[in-house]
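Here subunit A shows up in two complexes: once beside subunit B, once beside subunit C.
Let's look at the complex of A and B:
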C-alpha cells in the first residue's frame, strides 16, 4: 500500500514536473529553420553538386564520384595547395606576431598614460575596415614597378635599386603576404588587446615581487595567460586567410603564372572562368576540410577544464 | 524696399530650385526611367555604357537617349541594373540567373561570352524585330557572332573595338610594321630613357586577346570547327610558340620591361604615356579619346597609332570585341522592347555618343564623328579584325594563355613546355564541358 502511494506520488511529481518544464521546441524552431535554410542547405547543396558534372552551361548529368577524383587529381592542385600553405602560414604567423606586438605596445602605453595609444589602435583598425578589393588596389599602386610606382619611387629617392615586387615569381608571394598582413593585423591586435586587458594585474605584481624581468614576465605570465586567446585567434585568422581571394585578385589576379593563385582564388576561377560548378564544389569541400582540420589541430591545444 | 527684398529672396529661391535641375540636365540618378505608374516594366542590366557612365557628359547623353526611348513607348518604364567592373564574374552570374529563370528582361552581353549564352539556349530570338537590310549591313564576323545554329539572330552586337599599336612620334617616327621592327623601335626608345614597349601580360582577358592578333596574323587557329582546342597541335603549335617567343624576346632583350607580366589594365598605358615613360604600347582604339583627355594638346599631338605589327609586313591581324544587347524574357512584348532598346539607343546613337566603332558599315557615313581620319583608320583596320572563337571552351583557353604568358614573360618556364601545359589544360577543360 505504501509502495503504491509512493508510486502514485512519484508519478504525480513527474507529471507536475512535465507540466512546469518549458517546451523548448517552439523556441528553437525559428533558429533551426534559419540555420537549416541559410547555412545547412547551401552546404548540403555543395556536397550534392560535388557528386554531379554540373557546369554553368548545361545540366547536372546524374550523380558520379568521377568529378571528385578528377578534380583532386588535376596536375595544378599540388602547386595551388603549396601556394595556399605558404600564404596562409606566413600570413597567420605574421598577423599573430604583429597583432600581439601592437597590443602589448598599446596596453603598455595606456598604463603609462602615453599620448597616442588611441591613434595607434584606430590607425590599425582603418586597414581592417578597408575592403579587400580596395586594399589590393592600394597595394597594387604601391608595388607598381613603373618608374612612377609608389614604393620603387621611394627606393629610387633613397638611391636604392628598384624591386620587382610583382613580376619576380620568387618575390611576389611575399608582396601579397605583406598586403594581407597589413590588412589582417588589426583583427589580431583587437583580440590580443582584449585578452591582455583581462589578465589579472595581481599576477604581474607577484612577478614583480619575485624580481621577474620584462622578458620573464612576457614568457611566464603574459603568454601563458594568452594561450586560449592566441589559439582562438589563430583558428579565426586561419579560416579568414584561407578564404582570402578578393585582395589577391585585385593585386595580382593570381599571377604571374600561378605564383599567387591560392585555393580560394583557384576555386573562384574554376567556377566563374571555367564555368565548372561541380569542380568548384569539390574544391569548396577541400577548403572546408582543410579549415576544419586546422581548427581541430588548434583546438587540441586549447586548455581543457581545470587547465584553464 | 520690403517688396524688393521679397523679390530678391524669391529670385534666389527660384534659382536655387532651378540650378540643380539645369545642372542635372538629362542625368538619371534613380533606378527607373519613365513614369512610376507605367503598367509595364523592362529590366535592363547594363555596363557603364549607359546612364551610369563615369563621364558626366556621356552619362547625360545616355540619360537623354533613355528618356526619349521611354517617351516613344507609352505605358513602359525601364528599370536599370548595374554590372560591376568584374565582367567575367558578372557574365557568369547572368548566365546562371538566366538558366534558373531569374535573369533581367534585357542585358548587355559581352561578345566573347555570347556563344556560351547561345549554347545554353537562354536567349530569345531578335529575328522578328530586325529586318534583313539591317542584318545585312552588319560586318560578316559580327553577323556570324550573333547568329544561332538555326540561322536566327539572338542578340544585337552594337559596338566593336580593335587593338592597335600606339606610339609617340617624337620618339619613334616610323610605324613598326613587323615584329622585328617593333623590337628595334622599342630598344631605340629604351636608349632614350623609356621603358620600352608595354602590353598586357598579367592575369587578364586583355593579355590573351591583345596577343592573339600575333597568332592569328600567322594564320593560327585556336579551336577546330567543333570547338576543340587545336592550338597545341601540328602547324598551329609552331605558330603559337613563335608568337609567344616574340613577346618573350621583347622582355629578354630589354625591349619591354619585365613588369609587363603584371599589367592587366589598359589604364596603365595611359598613365605611362602621361608620365612620359613609354613611347610604344599595344592598346585599344578607345584609348585614343582617353589619351586626348589625359594629355595636354602638345603631348597628344605626338601620339598616333598604326596597325599591330605582324611576323611580316603582309601578315597582319587584330582582335575585335565589343558588346551586344540580348533578351532573356519569355514575354514577347519585353523581347520586342529589348530589341527596340538595342536599335533606338545603342545601334548608332550610343556609337556616336561614345565614339565606339559601329558594327554596320552604313553608320560610319551616317555620323560625322566617324568621318575623322582616326576613325577611318580604325574602320580600315577592322578589315583584318578577328573575333575570339565562339567556342564554350574559349574562356578556359584564355585563362591558360594568361597563366602561360606569366610563366614565359618572367622566364620561369621554357616557352614550349608552358605552351604544352596550357594546351593540355585547355583540352582537359574541353572534355569536361
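Let's look at the complex of A and C:
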C-alpha cells in the first residue's frame, strides 16, 4: 500500500518534473544571441586586438606583446590612474555617505510625517534621470566664472570671493566630483531606503527596551543590518563611477591639462582621437581588470550564506 | 530633556538637512530654467535676476523651430522606444525561463548576466566600431538600436524576472491543465499579469536609451540621424557665452522628456529597481 502510494507519488513527481522541465534553449536564445554578438564577441576581440598593432584606420600587423608593454609603460599612465582613483574614491564615498544620510532622514521624515519628505526624495531622483552629457553642460554653466555662473554669482551676492571651479587644477577634481555626486547620489539613496525599510522593527523595539540611545541604535542596529546592502551598493556605484565619462567630457573634457582625465576618458581619447585601436584595447582590458578586482574585493567582505 | 523635546529637536535638524539637500539637488535645474527664460541682456545680470524681469519663451521657440533640433529629438525618441521594445522582446522570454524553469547552471547564468553589466560600453565599442563599419551598420538606426538593446537587456531581464517571480506559478499550472502550452501560458497569463513590471522596465530602457551618448556618437555621423544626446553635445561645442540662454533652453529640452517619463511611473520604477538591487 505504502509502496503503491510512493510509486504514484513518484510518477506524479516525474510527470511534474517533465512538465516543469521543458526545453529552455528557445527561451534564452534571443538573449544569448544579443549578448554573444554585442558583448562576448567584442570582449574576445578586445583581448585579440591588445596583441596587435591595429589602428582604427589601417592594418593590424602581426601578433605581438609590444603594444601591451608599451601602452602600460606610457609616462602618463600613473597620472591617469591617480586621477581615476581620486575621482572614484571621492565619488563612491560621498555618494554612499550622502545616500545613506538622505535615506535615514527620509525614513524618519515619513515616520514623523514631516512636510517635504517626498519633495526632497523626488528632487534627488530627478537629478539622477538627467543624461550624463546634459549634466555636464548644466554644471559647466553653474561653474562658469562669467556673471551667469550659477555658483559664483551667488558667492558674489553673499560677498564671498568667487572660486575658479574649473580652471584651478587643484580644485577642478572636486568640482567634477561634486557634479558626479549630484547625479549619482539618488541611486544609493534608493538602495539604502529599500534596505532600511527591510530591517525588522522588532530589533528597534528590543533596542528601545534595552534603553539604547539614537546613536547606539544607528551604530549597533541599523548599520550592521545594512552591511550587505552597503557592500552591494558600493560595488554597483564603483563600477558606474569607473565607467563614467560622458559627464566629464562635456564638463571639463579632461582638463585643464590632464587633471580630470580619468581612465575611461583616456581610453576614449586614445582610440577615437589618436586612432590607436590596439593601445585602446590594452586600456580596455585594464578597465575590466580593475572593475573585476574591485568587485571581488567587495564580494569577499559580503556575509556568507545568510539570505543572499 | 523629555523624549518629546528630543523628537522636536530631531525634527528641526531633519528639516535643516532636508533644506540643504533640496537646495543642492534643485539649484542646478532651477538655474538652468532661469537662464533659459532670460533675454540676452538679463543673462549677464547673474543671480539678481534669478526670476527674470522680462521672462521670455523666445529661446525655446528658437530651439524648437530649428529642424535640426526636431530631428535630434525625433531620432532620440525613435531609437530609445524601438530599442526598449526590442529589449522587452529579448528579455521577456528569458526572464520567464529564469523565473519558472529549473535547469542546470541557472544561478551561474544569472550571475553572468549581472557581470555583463559591469563591462563598460566603452570596452565593447572599441572593437564594435570596426565590426559595425565592416558590415555596414554605421549611420543606421538599426545598428544603433541593436547595441542599445544589448546594453540594457541584462538589467531589464533581472527586473522582469523579479516581476514574474511575483506571479504565482499555480496560475501557469492551472492554465496548462486547461490545455494551454508553455508559450500560451507565457502569452496569455504571465504577460497580462506583469504589465506594471513591463511598463517600468520599458520606461527604464527608454530613459537609458535617451541618455545614450557613446554609441550614437561613434556609430552615427550623419546629422539627420543624430539623437539628442549627441546633438546637444555638438551644439554646446558651437555655442559661446553670448548665447548661453539658448544652450540652457536646448539643454532643458533634452532633459525634460526623461524627467517626465520618470515622474509618470516613479513608484513603479522604484519598486522594480529596488526589488532587483536588494535581492541582487
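Assume the second predicted complex is superposed on the first by the 268 of 308 C-alpha atoms of A that agree within 3 Å, B and C clash if a C-alpha of one lies under 4 Å from a C-alpha of the other, contacts with A are read in each partner's own complex, and residues count from 1 in each chain.
As a working rule, a residue touches a chain if its C-beta (ideal position, glycine included) is under 8 Å from a C-beta of that chain, and two chains touch if they have at least 3 such contacts.
These figures come from a predicted structure and were not determined experimentally.
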| item | value |
| --- | --- |
| Clash or fit (per the criteria above) of subunit B with subunit C on subunit A | clash |
| Subunit A: partner with more touched residues, subunit B or subunit C | C |
| First, second, both or neither for A:56, with subunit B first and subunit C second | both |
| Partner chain(s) touched by A:127 [first = subunit B, second = subunit C, both, neither] | second |
| Which of subunit B and subunit C A:103 touches, first, second, both or neither | neither |
| Touched partner set for A:173, first subunit B, second subunit C, both or neither | neither |
| Which of subunit B and subunit C A:272 touches, first, second, both or neither | both |
| First (subunit B), second (subunit C), both or neither touched by A:76 | first |
| First, second, both or neither for A:258, with subunit B first and subunit C second | first |
| Partner chain in contact with A:147 - subunit B first, subunit C second, else both or neither | both |
| Partner chain in contact with A:248 - subunit B first, subunit C second, else both or neither | neither |
| From 166-174, 238-246 or 256-264, the subunit C stretch with C-alpha clashes against subunit B | 238-246 |
| Common interface positions of subunit A, toward subunit B and toward subunit C | 56, 144, 146-148, 271-272 |
| Residues on subunit A engaged by subunit C in the complex (per definition of touch) | 19-22, 24, 26-28, 30-31, 34-35, 37-39, 41-43, 45-46, 49, 56, 101-102, 105, 108-109, 112, 114, 116-117, 119-120, 122-127, 129-134, 137-142, 144, 146-150, 153-154, 156-157, 182, 190-191, 193-195, 198, 214, 229, 232-233, 236, 239, 242-243, 245-246, 249-250, 264, 267-268, 271-272, 277, 280-281, 284, 287-288, 291-292, 295 |
| Touching residues on subunit A, where the partner in the complex is subunit B | 53, 55-58, 70, 74-76, 144-148, 164, 166-169, 252-259, 269, 271-276, 279 |
| Complex contact set, residues of subunit C against subunit A | 7, 10-11, 14-15, 17-18, 21-22, 24-29, 31-32, 35, 43-48, 89-91, 93-94, 96-97, 100-103, 109, 113, 115-131, 146-147, 149-151, 153-154, 157, 173, 176, 182, 207, 210-211, 213-214, 218, 229-230, 232-233, 236, 241, 244, 247-248, 251, 254-255, 258-259, 262-263, 266, 270, 273-274, 277-278, 280 |
| Residues of subunit B that touch subunit A when the two form their complex | 88-89, 92, 95-96, 99, 116, 119-120, 195, 201-204, 257-262, 264, 268, 271-272, 275, 277, 392, 395-396, 398-399, 402-404, 406-407, 409-410, 412-413, 424-425, 428-429, 432-433 |
